[in-house]
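After this come two complexes, each holding subunit A, first together with subunit B and then together with subunit C.
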Partner chain A sequence: MKYSYYPGCAQHGTAIDYRVSVEAVFRRLGIELEEIKNWNCCGALHVPEKDVKIALSTRTLASAKGLDLTTPCNLCYSNLMRTNTALEDTALKNMINEKLTNKYDGNTKPKHLLEVIVKDYGLTKLAEQVKLPLKVKAVPYYGCLLTRPENKFDSPDNPKSLDNLITALGAEPVKYYYKTKCCGGPILLTNEDLALELAKDLLTMAKGSGADCMVVTCPMCHLQLDAKQKAVESKYNIKFDMPIIYFTQLIGLAMGLHPEELGMKKHLVPTDGLVAKIGR
Partner chain B sequence: MKKEKIKETILPETRDPAFRDLVLKTPVGEKIPTCMQCGICAGSCPVSHEMDYTPRQLVRMVQLGLKKEVLNSNTIWICTTCFSCSVRCPRGIRPTELMETLKPIAIAEGIKNKNAKFDGIFSEVIKKTGRASEFLLISKYSLSEPSMIKQAPFGLSLIAKGKLPLRADRMEDTRELEAIFRAGEKKQDAKGKEAQK
Partner chain C sequence: MTENEMPKNEMPKTETPPRNDQKKTGVYLCRCGGNIGDVVDLQAVADALKVDKSLIVNIQDYLCSSQGQERIKSDIEKGRVDRVVIGSCSPKLHLETFRGMAKKAGLNPNMLEITNIREQASWVHDKAGIDSKVKGLIKGAVARIGSIEPLVPLEKKLVDRTLVVGGGIAGITTALEIADDHEVILIEKAPFLGGHMMGLSKTFPTMDCSQCILTPKMVAVHNHPNITLLTQTEVADVKGSPGDYTITLKHSPRYVDINKCISCGACARKCPAGAIFLPFAQAVPQAYMIDMSKCKQCGACVKVCPRDAVNLEAKEETSTVSVGAVAIATGFEHLDLSVIEEYNYPAPNLLTAIEFEEMLSAKSKTGMRLQKADGSFPNRVAFVLCAGSRDFTGRGKKYCSKVCCIYSQKQAQLVKKMKGDAEAWIFYIDMRSAGRRFEEFYHHTQEKGVNYVRGKVAEIIPKPDGTLMVQYEDTNLGMKGREIFDMVVLCPALVPSAGTKELADKLGVSLGDDGFVEEKHVKLDPVNTLNQSAFAAGCALGPKDIHDSVTEGISAAHKVSQFLGKGIILIPPEKPMILECNGCGDCVKACPYSALSLENGKAVLSPLACTGCGICVSSCPVKGIEIRNFTRNQLKAQLKAILSEAPGVIVFIDPYAYAAADIAGVNRKQYSSLVRFVSVPSIHILDADVVNAAFEYGATGVMLIEGTTDEKLTSRSDELYKKLKKDTRKHKKPLRYSHIETAQYEKLTDLLNVFASQAGAKAERKSRKEKGESAEAAEE
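Showing the complex of A and B:
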């Protein structure tokens, strides 16, 4: 299995832990990720001029060289999906192609890494790789942009793919009503109070569900729920101590990899309790 | 941002049909006349309680052409772009994309706030380096936004974990990206001129 790989900006900064775990896990699963040369930012949610934003993702889609394109980030994924839809407008596609050296034909299929694991690799095959069934309770938290707005991969309101992944690894996905409710990540710098309020709601429900950790698929969700958890705790005077784990780290743990190989020492909320419970 | 209060009676002179038409001819605008004010967008929105006007109200205000109130509302800026409203709207309107459409119009009209400032910094960083280095974004934004001092412990905690590399990640070659941004800036200027008319 081979994919064209678009890491996204966070993998070189705040999501260094995600990057380490993706590399470790995908190598062991034998899934080849070929990083796009000279890739550019997708514009996230902060490039107001629409044509510019579409052009940014078009340039990325054009670099896939006939392979399916995969990305670890919900924002990048959503932008790539939306760009494909926008480019059904041929006039727009031609206009943008004029500015690009590498022209885009409109045929690249973007996939989130979770989709690669769940659909392409398959959970039955993944379950065979499990050396250490996890025996913990985990919140399947999808965030907004994995399934919205172009809901081609899973349901936008009640997705199941991450639940099924957690089950395949021997853990138990808890019932969680905020599966796809916004974490507040996109406004964490500009509207901090509101961002913290959204994170507080998610963490409160996670704690109430009796979960040992929350599993995420997006660097922005991780930043908001892990790195900002302390700020939420002090603002609302609640103690959560809720480890936030990338789904790739969860897979790695179940495959018997060491937490350090998965970048877990880089988390702001300590994961030692969870790791001990798993039996590493 | 000062909330522009809607008067109880909307007088013809407060309505701007040109603004309404400008929005209606965009891709998202096409379905806006079909809104039946059911409010599922506002009910689905995780941040509507902090908005001057809920997404439902904003759609109606666009229909009425209430330009000043729409462009000055905080609604279009605190939308987190989660798309909950957009996948639920029974008319297939995407209020999220309405917010995205209104942002550059507001910027062209000279609306200034911290969200617009952040978007400006973000675009500038990508144009120059091709990548969104969190360190550059946070430091540039903090320099122009004094309230960011509150978030200093957050920044420092990231640095301590090696998650905020001070050397900005960048593309090997940014020429193509600069061309993309230049074309966008030309368009934005044209929009500004159109708005001045």
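Showing the complex of A and C:
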């Protein structure tokens, strides 16, 4: 299995732990991720001009060289998907293609890494790779941009793929009403108060459900819920101690990999308790 | 024997009076005020019929009117006609009326038949082709009536006992109303009487206390000498026939003998697991019960009971009862709201209206206090209407559940009454207050300060602190909104209670496509069903309030009493007659109802056990069995006459599927006018003789449509179809079988259209081929 890989800015920056776990796990699963050369930022949610934003992702899509284009980040994935839809307007597509060296033919399929694991690789096959069933409770947190506004692999409002992945790894996904609700990440810089309030609700609900950790699929969600967890705790005077784990790290732990190999030492919220509970 | 030879011993046992040449057959066609007359050229039909001098043909505007009936009556009384064919609306409506009139006029009612040219013709076809269809059908009816015997219905003694299924307010009412005159057995699957009404606090619009008005009735049932009350009981099986059923009941164990228990409570005090309990203080029967899933089998209760009433070894038991009538009062339950995923039900403080009100009722587990999960009073309550009702997304029900608009107001009023400064909001699509005193109630609710928001609730998100965020659209303000509530009450769609379909199938009662019991006639016969000894009342017939359930209970009781009061049930006399018998016993083996036996080497029929299904007809190797008034020759004569006008598709149809065809007519669902229905008591009376004849007389295709849900018949339909297909292969014309329940009228019309066009196309190809062949022959 081979894919074109678009890491997004975070993988080489704040989300090095995510990158490390992706490389470790995907290598062992035999899935080849060919990073596209000279990629550009997708613009996340911070570029206001619509055409510029679409152009940024069009260039990325055009670089896929005939393979499916995977990405580990919810924002990048959402931008790529929405760009494909926007480019159905051929006038817009032609206008943007004029400005690109590599023209885009409209046929690249963006896929999130979660989709690659759950749909392409398959959970039955993944279950066979499990050496250490994770007897913990995990929150399946998809974030607001993975399944909405559009995706091709799961229900927008009540997705189940991450829940199923957690089950396949031997862990128990808890019932979580905020699966697809915003963590506050995108407005962290512009409205920190509101961002922290949103995170507070998510973390309180996670704690209340008896979960041992929250599983995320996006570096921004991870940043918000992990790096900013202390800020939420101080502001509201609550203790969470809720480890935030990338789904690839979860897979790695279940496959018997060492937490260090998966970048877990880089988290701000300590994961030692969770690792001990897993038995690693 | 070929089709042209008459079977030996053709004369039936009863003498058919020789036709007096002075007497004719009267054919009366109804314009039905234009319903028929505007589509069918009745004059042309009449003219075509008048060629036959043995007929008197008359057209009326409204045959059912006194003027119309008077004409027929006078023709009979004056000796002008001794057989009557009526072309009008469905026999379901007026057959009994006309036959009653004929009987009074001195004619055997059997000698009057109705041909359906409205629900099954003028309402479902346009003018093209309809005249030849109607001419054919009437000619067929005339051919049939010419050979009909003046049979008299058989009489069977009724068992004077009624089974009322369901102990809610409808069942209780029905039972009490019948019991003064007839024995009643009332069964209820819960351990106590009262149904949903027991879970109510106050009842709209008068705000009566529910238990106060219900418990006296429950006690009356318990005390009535003529009512046998059996709780934790359900119907397991039904054997027998209308008016004389043997019903097997299944009794779930209570582990406490209700006749011995004095409700002293000693057992509950000793029980370490809280497994033995009194359902609630006013429960009837007033006895403790055990929840076996909690029981530790320690036996403490057994030891301490002063009356020796506890039996931990109790098992499920069965018993049989003999009844003449059954009243279905099985009520409702609510839709499983987890299908509406965006409401996130169940979650803390997110309840159904039923759970909400139970807290305030006699069944309360909170001391009749309204409280949140943490025990405190909810200061802000939202009521969400139409949760699963009026839902066209495919997850809920399309219909309106009728009572929620009013009961949500009642519940909102109760919240305000319990705490004056609490807030109650109602999210609605429409506020339906149709009914006496309901609009005033609505006005009163608004005066109490309940907030109304017109808009469907889009999403309900439970928050970590137990509150709920409701996202909605306020269509009056044109805004989207979001509010936090302490408690959200969902008003769920009401659906027929579990087991309704199984019970209905066992009794030959049909269900509508909404799943509720289908009444015999929606407007004119609302508590009877297609089974003359089965009746229905209450929410089993559709969501309704207590007033309407009681009204139906009283009506059903009256109908039951009327039915039982006759003492006898009239059984249709169209039963098999054994004309020739070689004593092989094949029919005895084939009969699913054990109605045939061998006596002195000859087959003998028990007419009262016989259901007229006709399986014996095709089982007889010497073709010695015929169904009275549905003999092979009679059917063939009818087919020949129907097809004499023009080729068409012959569709044999049983009474249940016939009802579906009528419903299609009421809904004006159009289908091909090539379809000609031939009513038979059951499709199993048909054999290759008759079907081959249909093809020979010009049918381009033949269909068998069966609507009964009686498994004894439907289980052999496949075999019947395969045999007929094999034996009619030589005609190379399409033969089809389909099972269509009464509710499936759309499936029926789709099927008819497809088959008619298939048969037509095949016939066309064949005729073109034949023309081609004859042209070739001519050239040579």
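Simple rule for what comes next: the second predicted complex is superposed on the first by the 279 of 280 C-alpha atoms of A that agree within 3 Å, B and C clash if a C-alpha of one lies under 4 Å from a C-alpha of the other, contacts with A are read in each partner's own complex, and residues count from 1 in each chain.
Heads up, the rule we're going with is that contacts are C-beta pairs under 8 Å (C-beta built on N, C-alpha and C of every residue); 3 or more make two chains touch, one makes a residue touch a chain.
Predicted, not measured: the structure shown is a model, and the values here were computed from it.
Contacts of A:177 after superposition on the shared chain: subunit C is touched, whereas subunit B is not. In the superposition on chain A, contact is made by A:205 with subunit C only, not with subunit B.
By the touch criterion defined above, A:277 lies against neither subunit B nor subunit C after alignment on the C-alpha atoms of chain A. Residue contacts after overlaying the shared chain place A:99 against subunit B, while subunit C stays out of touching range. In the overlay built on the shared chain, the residue A:14 is in contact with subunit B alone; subunit C does not reach it. Once the two structures are overlaid, the count of subunit A residues touched is higher for B than for its counterpart among subunit B and subunit C. In the superposition on chain A, A:158 makes contact with subunit C only, while subunit B stays out of contact range.
Touch criterion met: A:190 reaches subunit B, while subunit C stays clear of it.
Comparing which residues of subunit A touch subunit B with which touch subunit C, the overlap comprises 157, 181. Residue ranges on subunit B touching subunit A, taken from their complex, read 27, 46-47, 50, 77-78, 80-84, 86-88, 94, 96, 100-101, 103-104, 107, 114-116, 118-119, 122-123, 126, 130-135, 137-138, 141, 147-148, 150-151, 153-154, 157-158, 161-165, 169, 171-173, 176-177, 179-181, 183-185, 187-188. Within the complex formed with subunit C, the residues of subunit A that make contact are 157-158, 177-178, 181, 201, 204-205, 207-208.
Those residues of subunit C that touch subunit A in the shared complex are 341-342, 344, 347, 461-465. Put simply, subunit A touches subunit B in their complex at residues 9-10, 12-17, 37-41, 43-52, 55-56, 59, 78, 86, 99-101, 144-145, 148-149, 151, 156-157, 180-182, 184-187, 189-192, 194, 198, 227-228, 230-231, 266-268.
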